[in-house]
Amino acid sequence: MFLHTSRLQFEAKPSAPDALFARKLQELIGGAWGEMTVTMQYLFQGWNCRVEGKYKDLIMDVATEEIGHVEMLATMCARLLEGAPSEMTADAVKDPAVAAVLGGMDVQQAIVSGGGPTLSDSNGVPWNGRYIVASGNLMADFRVNVAAEAQGRLQTARLYNMTDDPGVRDMLKFNLARDTAHQNMWLAAIEELQEDGLEGPISPSALFDEEHQEHAGTIWHNSDGVHGPEGRWASGPAPDGSHEFSYLMDVEPLGGKASAPPPDPMLYATSPANLGLIEKAIKKLAP
Amino acid sequence: MFLHTSRLQFEAKPSAPDALFARKLQELIGGAWGEMTVTMQYLFQGWNCRVEGKYKDLIMDVATEEIGHVEMLATMCARLLEGAPSEMTADAVKDPAVAAVLGGMDVQQAIVSGGGPTLSDSNGVPWNGRYIVASGNLMADFRVNVAAEAQGRLQTARLYNMTDDPGVRDMLKFNLARDTAHQNMWLAAIEELQEDGLEGPISPSALFDEEHQEHAGTIWHNSDGVHGPEGRWASGPAPDGSHEFSYLMDVEPLGGKASAPPPDPMLYATSPANLGLIEKAIKKLAP
Amino acid sequence: MFLHTSRLQFEAKPSAPDALFARKLQELIGGAWGEMTVTMQYLFQGWNCRVEGKYKDLIMDVATEEIGHVEMLATMCARLLEGAPSEMTADAVKDPAVAAVLGGMDVQQAIVSGGGPTLSDSNGVPWNGRYIVASGNLMADFRVNVAAEAQGRLQTARLYNMTDDPGVRDMLKFNLARDTAHQNMWLAAIEELQEDGLEGPISPSALFDEEHQEHAGTIWHNSDGVHGPEGRWASGPAPDGSHEFSYLMDVEPLGGKASAPPPDPMLYATSPANLGLIEKAIKKLAP
Amino acid sequence: MFLHTSRLQFEAKPSAPDALFARKLQELIGGAWGEMTVTMQYLFQGWNCRVEGKYKDLIMDVATEEIGHVEMLATMCARLLEGAPSEMTADAVKDPAVAAVLGGMDVQQAIVSGGGPTLSDSNGVPWNGRYIVASGNLMADFRVNVAAEAQGRLQTARLYNMTDDPGVRDMLKFNLARDTAHQNMWLAAIEELQEDGLEGPISPSALFDEEHQEHAGTIWHNSDGVHGPEGRWASGPAPDGSHEFSYLMDVEPLGGKASAPPPDPMLYATSPANLGLIEKAIKKLAP
Amino acid sequence: MFLHTSRLQFEAKPSAPDALFARKLQELIGGAWGEMTVTMQYLFQGWNCRVEGKYKDLIMDVATEEIGHVEMLATMCARLLEGAPSEMTADAVKDPAVAAVLGGMDVQQAIVSGGGPTLSDSNGVPWNGRYIVASGNLMADFRVNVAAEAQGRLQTARLYNMTDDPGVRDMLKFNLARDTAHQNMWLAAIEELQEDGLEGPISPSALFDEEHQEHAGTIWHNSDGVHGPEGRWASGPAPDGSHEFSYLMDVEPLGGKASAPPPDPMLYATSPANLGLIEKAIKKLAP
Amino acid sequence: MFLHTSRLQFEAKPSAPDALFARKLQELIGGAWGEMTVTMQYLFQGWNCRVEGKYKDLIMDVATEEIGHVEMLATMCARLLEGAPSEMTADAVKDPAVAAVLGGMDVQQAIVSGGGPTLSDSNGVPWNGRYIVASGNLMADFRVNVAAEAQGRLQTARLYNMTDDPGVRDMLKFNLARDTAHQNMWLAAIEELQEDGLEGPISPSALFDEEHQEHAGTIWHNSDGVHGPEGRWASGPAPDGSHEFSYLMDVEPLGGKASAPPPDPMLYATSPANLGLIEKAIKKLAP
């Protein structure tokens, strides 16, 4: 069960309204790598966690914090929209400054939300539930979590350069710091999962015996760039210690010809079996 | 530019048709973590790569291989559907074996594709372009790539247990091995990025000075599980060496009250300014 | 900012696993009218509320409760999936009881989530941000809220009849009660908004003067059913007291012919201006 | 079966083209609360209506009218786009007036539709079938209908202030009036459903006996705003007359700990059962 | 403006309920090539048509007919669902016949629609506005129309074989006939557009002079199948009479190396410019 | 299996960056009729093709070429974005030239992709797998292919007029030519399918006997435009030679009244059976 205080985790007050930035901020609210994604991703991972104890408790701590991040951003967005032009007549757009705002702002923030955020990204595409993952395998999921915090911090950093409003920057500095903390935290949790012997570096830690071993250490050279074999992935031991890497320069298909089976007549795929039948069918109909 | 041979990278021949499994295989074709995702993700990362040389060449090698994985799976899917029931009359479903197939198969594979795969996941939801990421920051993207290969291998492993067809298993053993190779490869590439001094462990490697340092090492205790502080993320140095971790047990909001600014009258949000006006408006209309 | 306790708002323990019902329950988690929708709808309405005081505080109370409803359902779903068949080989489906489960269960709950819920509806379609509304106008939004609680209670009632598991029914009885409480609550809030003089019955309470009055009280008879004029909407005062209803039996279009303006030649729409040009264009190319 | 006249229900002639407004108008065509939504919502409600007579006939009258509203808006949109800049070269955008139009217009109206509307909202997101509801329960559906007309009128009112073109305003005055008429009409139909004894105020009018009565009248205080209990929802009889309201100030979870059942080994969730196995698995592979 | 009669264009009465078929029929209602698509596609083409006269009038005749097809299918779907099992308890599914129905039916038709159709396809994915096209160029659009009628008739034919209910088959025979009529009709309209000199066979009939002529008649041999050059597209005049076909067997890229420009430092893409900076950044932070 | 060369099929070098055009180009990358669509459409058609030989080989040749088109456009897009404003502060937008760019550019190309394309259309909506069709019936699919090349060439032609950059135009001239070649090619393939006797002009070439012949040649006059019967579709033989066309001027519904069956009580649809019950239910609850 959840509880709420109406105070924000961190301050979210712009020095001045900025409708253009309010649109861009939507990416951090409802984008594929925005705060809504990490919120729901961590909640579902926590609820789906099969190991009671420190991992589950950590996930729920962070998940609950993230709901408050959506709150901060939604509040900031509404404040940035204060006084955004709502009377956008043809006359108004003759002023280049107004025109710039009109061109760049998210019109749904006015028409649909009445001066607040939507649950969409910076192009107005709604957030959706396929952005999140909660597979039950902590190693596989923590790898997504590091990735999500990395993409999230990257987008926050880009947005940081797109404003010079001290209030907005102050909040973004907090967000940047939390994304740093959470990246480090998930990296530490990945290490700990291995130290605890709960997961290995490769997910899932199973079926290694059954997979075709001869294809588990090679990199195939399917493109003509010549520098691929210069990296540490081209020779030497793989990070999980299980194989020696090699770079397969002369790639050859191992399988036979790609072909689809003969068609079911009831599905009317084109087939040699049609020969003669079609002419007859049409003739029969002709008056 | 691309070239194609009609031979498959690996064999994809089921020992017998299995329409139920053909539906499940859709997850590896058009699911959020399926082969279509890694194909397009690596292609766009390669085209968007700003560093010529080993990283770009590696990405394009793997990207091109992945198109062939979609091909293998699409071919396998069509072959699994050979002889799937296309005449599903009320009589037919009285046979429990047929009924099971009818209930569990993907009806669009018959109605829409005529006995072949669609570009959808195992629930029939179409693949979409928001599944991929190509941010231009190699560290942030390689972290997604490891995660994608981990989720992909996990799903392949689950599917492996859902069939006992030797032909299908043979192909999945190849897929499992490639996912192992690619997980190791991206992990090696992450190491190399740091050894080359191109990226640090935290993405992006910038703005550390400006972020609020005091919030970059703490984990907030927003849920009531007591075991969170038992992990390696609760104290000691963070993986990037920049901070000491600490676990903030008594969390307090740092910001003020969440509030939205006063409404623009032209947007008709509910507001104290409405008082009296509405009664008047309605009265004026009354006959 | 939010806090969390790991205890559920209400118990969510099935008496026995039921993978078929776990799929159906997805409708209440990630369906258009599920708990995720009311959670996010109320949160965004609260954050976007322009009147401090009882309305905003009520919205945030209910919003925070609803996150806990998603939690109850997600937990119930995982428990219903315990022991769901994960080895769905061709042999297994020869048993009609297993076949029934396989046919009717959500395969992504196994392949993607590893035995837990996804953020999707009962057909596997992901939840998305366009399901919610937070317009800033409390009357318009509370009307959606009543509707959402009504649709939600209706779906819960339907699901109640689709199980006879006492544990599942116990939780659904709690959900039914909360949906009753919340329907009544939003109905009361709609009354109070009018008593407080903040909103009238019709949203928004503005522009009544400017709308074409002669069309604000008529129902147009565009279909040939003869019973439409028998209702209370066909004569007498309208609920907001502003107009007399009337039923317009002989409908006539009031506007001119629908037509699109002449095409811009640079957009290559088909146009009489093409006459002669095309023949010439093709001739010029012919060898 | 449907018939059509090429005359519009109401006039739809702008005084001058305005590509910026043509984009905003898309919200009323293909937005979540636009005319397409009410058209399809009412059609499916009518076709799905289980009570022959006045309700069904009313729904079909209104549904058929609404198709004509989509037609008016589509025609207006095409006319607003007449002469919109189709040669948007880098030179052209140096003129701020042209630049404003280019920035704010919907580029797909040019590239995809050749100067006409798309079936999308004002951010270009396509309309979809999840926007509509037709549950078969008239009370639950009429509540959505009132909400839809309220949101629709609210958006129309906002758009009314975003133009000063007399022709566009003339059409919007008609739309405002129809939305008033339809809001009143659905409110009247809700009253009539109760007077006819077909539905009660709470949907569905069933299972009241079985729901947990003690939770059907309380509002839970999960957030820290203090003004929630000041409203009419905090005490006194609920609108449906069935319960006394009360405000539960000291909320306590009623359920046990949220937990997921032990993992199925075939699904490779992280589990204490992994201990020791993973180290062994990796060791076996090491050369 | 539209009018409606409550009589169906053709009869839609099944001889017996069949919940399995009711799900499959959704493909013809809300699938990408279903009746909803042609309805909205033709309506938007008609409204967007820039040539008054026979083409526009034809489009509107057919568009209006198609709304009635959605109506027939929606009605048929509701009737097929009569008596579908709504009490799907664990006991019930022990009966293989019931189990088959439960596995194969669309659960949302019960939970969401209360025994009627949704606006979705046979996998439950909602219909959306990107399925339609109305470009303003009649030749380009009529080609889509022929294709839509062909795909629609193909799916209808497949569904025809999936039922032996005489009532359902009777309606499908009408649908098959209309799809034949409409395919022929659009083929005739394509001929007429050319005879009238309004459009040529290739869309749009413009810019032929400016396109690179040397690439307008060749087929590139990018795959290794050897039979490509055996078709009539490999030599001889192209259908539009403008070019001689040729098959380019030794394909060579004509462009330079694919490369992305140097990164903007404010976007934090990985770049050689990072060298040295990152190590310094991290060092500075270390305690 | 696929191979790749890093050289582009054709050159893709703009003379100067143009962030506005980079957004528009997204339509050709990830739009419904963009290069991604034809790439995946042809690949799935090829893999699903049931006739070995010239048709399948042709499809795979073209499919493989199209992947290279996505590559050209993605590369062009990244190059057009070079130097696009990434510091979009409130000050910057005071310059009308910058403001124009900011208003019209795709903000996700900066925030999400770091100066490269996304897999979305020009309004930022992600590409999805429902855009493609591969039905197994070559005639039905080739008709979609002609349509796709026609819509694609139409959009390319429109974009050609929206730039005067010689480098961009040079690439578009190549694209225009390829679209011409491919339209002609698919038209030729449609002819050949008929000459080979594999398919007739109407898809599928089956069930003509069973469809209701009397409805296979008529055009219904459901709208009031008077010019419909002036076309070649109103009389004379249909293109497939099977019927005489006729225009049915006085249309009459052939079916009975549209009605839904009586409701299942467990689904709580509104029904006459509710009469009396609801009042009783509510009374029982009242204190």
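The first chain written gets the first letter, and so on, giving A, B, C, D, E and F; residue counts start at 1 in each chain.
Keep this in mind: contacts are C-beta pairs under 8 Å (C-beta built on N, C-alpha and C of every residue); 3 or more make two chains touch, one makes a residue touch a chain.
Which chain is which protein? Per UniProt: A, B, C, D, E, F = Catalase.
All values derive from a computational prediction rather than experimental measurement.
Comparing each option in E-F, B-E or D-E with A-C by residue number, the pair that reproduces over half of the contacts is D-E. Looking at which of C-D and B-F shares more C-beta pairs in contact, the answer is the pair C-D. Remark: chain B and chain C have CA centroids separated by 26 Å (rounded to whole angstrom).
Separating the centre of chain B from that of chain D, both taken as means of CA atoms, is a distance of 28 Å. Contact of a single residue of chain F with at least two other chains is seen at positions 1-9, 32-33, 47-48, 55, 57, 60, 63-65, 68, 71, 75, 78, 86-87, 96, 99-100, 102-104, 110, 112, 114-116, 120, 123-126, 128, 130, 133, 135-137, 139, 154, 157-158, 161, 203-204, 206, 208, 213, 222-223, 225, 240, 242-243, 253, 258-263, 266-269.
Only residues 1-9, 30, 36, 40, 43-44, 47-48, 60, 63-65, 67-68, 70-71, 74-75, 78, 112-120, 126-130, 132-137 of chain B touch chain F when the two sit together in their complex. Taken together, the chain B residues at the contact with chain D in this complex read 154, 157-158, 161, 266-268.
Residues 16, 18, 20-21, 23-24, 27, 31-33, 96-97, 99-104, 121-125, 154-155, 158-159, 161-165, 222-225, 251, 253, 258-263, 267-272, 274-279, 281-282, 284-287 of chain D are the ones touching chain A in the complex. Chain F meets chain E in the complex at residues 5-13, 32-33, 53-58, 60-65, 68, 71-72, 75, 78-79, 81-84, 86-87, 110, 114-116, 125, 128, 130-131, 133, 135, 137, 139-140, 143-144, 146-147, 150-151, 153-154, 157, 160, 173-174, 176-178, 180-181, 183-185, 187-189, 191-192, 195, 201-204, 206-208, 210-223, 225-233, 238-240, 242-243, 245, 253-264, 266-269.
Every residue of chain B that touches chain E in the complex is listed here, in rising order: 1-6, 47-52, 55, 86-91, 93-94, 96, 99-100, 102-104, 106-108, 110-112, 114, 120, 123-126, 135-139, 193, 196-200, 203-206, 208-209, 213, 237, 240-244.
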